[in-house]
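There's a structure below that I have some questions on.
Each chain carries a letter (A, B, C and D) given by its place in the written order, and its residues are counted from 1.
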Amino acid sequence: MSLPWTFALGLLLGAVAFTMVGALTAVLVLAERKVSARIQMRVGPMHTGPHGMLQTIADMVKLVMKEDVRPARADAVAFRLGPLLVAVPAILSLAVVPFGAPLVMRDLNVGVLYFLAVPGVTVVGLLLAGWASYDNYSFLGGLRSSAQFISYEIPRSLAVVTVVMLAGSLSTVDVVEAQGRVPYVLLLPLSFFIYAITSLAEVNRVPFDIPEAESELVAGYHTEYSGFRWALFFLAEYAGLFAASAFGAVLFLGGGSGPLLPPVVWLLLKTGALVFVSMWIRFTLPRFRADQLMRLAWRVFLPLALVNLVVAALVMRAVA
Amino acid sequence: MGAVLVAIFGVPFLVCVLLLVGGAVVSRRGGPAWERWKSLAGWISAGGALIALGLAVFALLAFRADGDIALRAVWFHVGDLEVPFSLRVDGLQAVMAVVVAGVAFLVHLFSIGYMEGDRDVSTYFAELSLFTAAMLLLVLSANFFVLYVAWELVGASSYLLISYYFERPAAAAAGKKAFLTTRVGDVGLLVALFVIVGQTGSFDYDTVFAWAADPGFAGAWAVAVPLLVFAGAVGKSAQFPLHVWLPDAMEGPTPVSALIHAATMVAAGVYLVARSYPLFEAAPAALDVVMYIGAFTALMAATIAVTQRDIKKVLAYSTISQLGFMMTALGAGAPEAGIFHLFTHAWFKALLFLGAGSVIHATGRQLVGELGGLARRMPLTAWTFAAGGLALAGIPPFAGFWSKEEILASLVAHHPVLLGVLLLASLLTAFYIARLFFLVFLGAESAGPGPEPQHGPASLHGGLDAAGAHESGRRMSIPLLLLAAASVVAGFFGAGFLGQPLQGFLSLGEGAAAEAHTVPFWLTVAAVTVGILGVGGAWFGYGRPVARTRAEGGALGFDAWLENSLGGAYSFVARGYRLDDAYAFLLVRPIVTVGRFLWRSVDGFAIDGALDGLANLVPKVGGLVNRVQTGEVRDYLAAMAVGAILVVALALGLFS
Amino acid sequence: MDTQEVLFVAFGGVAVLGALYAVATRSLLRAIVALGAFLTAIAGEFYLLAADFIAVVQIFVYVGGIVVLMLFALMLSASGKRHPLAAVDRPALGAVLAYAVGAGLLWATWSTELPAAGPDPADALGSLGRALLGAQLWPFELIGLILLASVIAALSIVRGERQ
Amino acid sequence: MMTTAALTLSAVLFAIGVFGVLTRRNAISLLVSVEIVMNAATINLVAFSRIHEPEAMTGQVFALLGIGIAACEAAVGLALILAVYRRFGSTDVDTIDLLRG
């Protein structure tokens, strides 16, 4: 393949991926609104399209059309870079999700590590966005967000390490294969628990949505954003949620394996279940205070994850 | 029995330690305790000396009964060389031990009275005990290493005691002079020891003497080793040309002079030669050197003694002269005669010194011109001094007569010239000692006030003049009496008509023992005649009442007459043959000049200059280098980068 | 030029430009962002050099860790000044020295006959793991110790100053 | 070919880093420059790992260790910068010269 074609294909694939993630976001937003409505004994959006199914599309069109407002004293480069650095890693982290034979974009032999590492770049984006906005709420939101992200990254990674140890590989495909008929959620329930909770914190979902806590920080790091840039944050959040759920399914629920249905369907089902749980939680539990949040990470989850890791290692050793 | 040998020198040594530590402790408390301690110190010390004496006598008797007593233990190793700590008692060493311990005891006893009221008697007696211990170790040692250690200890304690009145510059200087001068000889002894141990691998007397007896010993070593040993003896025994320290050593307290610089330490050289006699026997040339030096020293010192006006100086030169006699005997192949004379001399010379001490103690003066007529006031001192003097002059039956006769007899056969020299020396000996006696004890009491009281015992009695002189106390007179008795009796131990028990006892060099001297009658007559002549001459010059008044010079008129008639020769002699001046001119001045040059140019200019320059350079350079420390991180980083570039360049071989 | 080489040059270009911007810009914030870009590009180079584990770790530690730390430090240390300016000083000296270093290194690189790259190991990740827990265990443990020490050091430095 | 390219890139980046180290006055900028230098070195390690005993992975191991060291350095360095900032009110290294001789 000649060079121009390579780039052309790359651009095309990028566009496709972005579009797909956009569509995914639309679906998820709609789902969330419907789920929340159901939990709150409402019906949710109903007017645009049948049962309001086109509501999110309309919202997105509205967002894209909106004026791009930039605070006068904001740092232009950082202000523009922030949303991008938040959204792009979230999308990129989907690259290693094994949707099934034809749909694995890349079977990296360090896929699991890749999934842990790439979302980390998001923090840079959050900080930039918060800083560049030249706004106290944004700044505090950015700092809180990154502190929270870094704190929860550690127990989360430690939980994933147990899976890697058990599977003996960093490749997501291998992990799925290694689970065979017994998903790791049965073997490593504590790891799954830690992963699930910390993942909520990673993607800033309630009860860990302190960085954007509307009631105290207005909207955290994206207070000053509007239009398409704001949409990017929105997109990143749902892409991240989806990615975290998908990885939860891959690491602990056996990925695409399952009877009768093709792997893609199984994986989407399992991911959907996890997404649903997170929405369920969102509209059920209140949020933590900032200090409680950090204490939870360092005093509960970190020791718990360490103990879990050591116990898992010892048990594996004993069984082997 | 070995324990006895150790105890003989160990007891005085422990006494020394006790006195030093006790003195240090008690003197801090001061007051009555200190006074009591000071009065006690002498008795403790004398007690130690008495115990040593008793043990020495015991060892002597035990030796007579059972033969040699020996003790041997390994002291330390140096490489393959094993250095033993060995002691023994044979005839010579037993006699020496008894003499040393005996004189030491009497001197201790005398010192109690003599030093009473001195500022720090405790230290004095500690040093005296240290000397006693060292001297006993010296005569008891059975190998050259122990001997050398004791030899140096003796020298060190001698230094300490000479400089006892260290506030007096003359005393301090005299101590240094004694130490340095004897050191010249000690180097010879040390080199001799190197040669000996290098050749035989052992320090033991027996091994070394066996080596000396070996025919293979002949050659260069055979002459060199005894001469080197003799060098040590020359230093210690104050033989020409290293005798100059002994007259100065009279700056020490008089009992010290009696013990160290008359009876014992200076005799150590004689003992050393006698002890290592087998080495000398192998080299006749070395023996000749010993003999000639001894004879020359004897005559020279005797002439000087005639001219001296200080009691102690006279006695000091007398000692040198008498040591010369001993050396002559040793060199002439009659070691028994030499040791016999050492034996008798120890008693009567100690007696003379203590008598002089008694006089000095009583009057605070020691120049003969300021003394006179003391016989009436100090009869005991006078009589005992006379006994010692007669012994020295060689008047029978006093001790000196017997031993001196033996020495003269040893020269009859082969060395008539030296015989004449020694007879002349004997004449002078009788003359100067009689002169001393007449000047001090006869004639008119000197008039006028005494000199300014010097630092010393007399000053404590308020600067007594001769008129106020009185006999010393019992503690001082008893030693005098005992020594006087010894001066009378000692001679009989070696007297020919008694079969020379002492000489047989000594059993020194085999050849010498075989060649028993029978003293020709004419020699006895000659010796006695010479002695009487000397005394008579002194009577003529100083003793007669006429002589004492005949010239303006008063008591010393004869001295003046001699000076006038002899002219420059007299002053040459009176100044000790100007040997001190010669040393000052030949050695001291060049050394001082060189030293001053080195001090000013090398040390002061070059070394100090270099050091000062360096010292000044440091802050200057520091100030320059200081600027490098800008405190700015980036400057350091730039330096680091330069360093990195250099490293890269080196790695790439750009400089090779 | 195959795809790999094209990508190598592309990443290299990004890295050089990012580095240049990072050292040349007057804005600290942009310098750090440029550093992030530079680091990411380097991670890409690692990937192309058959070191994908290193590449991911590079992202993990550098971009996710060190750059964030730097941003924190910047934001905590430049309070009130929204656009902290970092002056460039003595560019001539820096340029000369940098040029000397770079020229030396380049000369060394180009004047050395390098052996051809061997085949990449089949199980690279496994080899790396075995190396880390085998032959290189001591350095590995040591780096853990150093990390612990530096965490404690950093905490005590920041806390100690506060009290 | 690839190795030489990597080494060339490394040399260029190293020089850029050195330039930054020598010219930047802000402490954080210094740290940025140092990171560039360290990355240049890491590229070298990774590149050499392929030509020198690829199976042993020594180069990659040391690249990892280098990254670990960089993390330590950044953590301590930034802590120091914060401490310095609190004390001197500046992160400009030229204003901090207490050690000037």
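In this section, contacts are C-beta pairs under 8 Å (C-beta built on N, C-alpha and C of every residue); 3 or more make two chains touch, one makes a residue touch a chain.
Not measured: the values here are computed from a predicted model.
*Asks:* By raw count of C-beta pairs in contact, what's the busiest chain pair here?
*Replies:* Chain pair with the maximum contact count: C-D.
*Asks:* Pick the chain whose C-alpha centre of mass, unweighted, sits closest to the average of all protein C-alpha coordinates shown.
*Replies:* D
*Asks:* What is the distance, in whole Å, between the centres of chain A and chain D, each centre taken as the mean of its C-alpha atoms?
*Replies:* Roughly 32 Å separates the two chain centres.
*Asks:* Could you tell me the distance, in whole angstrom, between the mean C-alpha positions of chain B and chain D?
*Replies:* Chain centroid spacing, chain B to chain D, equals 83 Å.
*Asks:* At what distance in angstrom does the C-alpha mean of chain C lie from that of chain A?
*Replies:* Whole-Å distance between the two chain centres: 27.
*Asks:* What is the distance in Å between the mean C-alpha positions of chain B and chain C?
*Replies:* A distance of 89 Å separates the two centres.
*Asks:* Spell out, as numbers or ranges, the residues of chain A touching 2 or more other chains.
*Replies:* Within chain A, no residue contacts more than one other chain.
*Asks:* What residues in chain B touch two or more of the other chains?
*Replies:* Each of 634, 638, 641, 644 in chain B touches at least two other chains.
*Asks:* In chain D, which residues are in touch with two or more of the other chains?
*Replies:* 18, 21-25, 94
*Asks:* Would you mind giving me the full set of chain pairs in touch?
*Replies:* Pairs flagged as touching, ordered by label: A-C, B-C, B-D, C-D.
*Asks:* Going by the contact rule set out above, which residues of chain D touch chain C in the complex?
*Replies:* Interface residues on chain D, with respect to chain C: 2-26, 28-29, 31-33, 35-36, 39, 42-43, 46-47, 49-51, 54-58, 60-65, 67-76, 78-83, 85-87, 91-92, 94.
*Asks:* Inside the complex, what are the residues of chain D that reach chain B?
*Replies:* 18, 21-25, 27, 30, 93-94, 96-101
*Asks:* Name, in rising order, each residue of chain B that touches chain D in their complex.
*Replies:* 625-634, 637-638, 641, 644
*Asks:* Which part of chain A faces chain C closely enough to touch in the complex?
*Replies:* It is residues 1, 3, 6, 73, 75, 77-78, 81, 108-110, 113-114, 116-118, 120-121, 123-124, 127-128, 131-132, 134, 139, 143, 146, 150, 153, 170 of chain A that touch chain C.
*Asks:* Which bits of chain C are touching chain B when the two form their complex?
*Replies:* 89-90, 93-94, 97-98, 100-101, 104-105, 107-108
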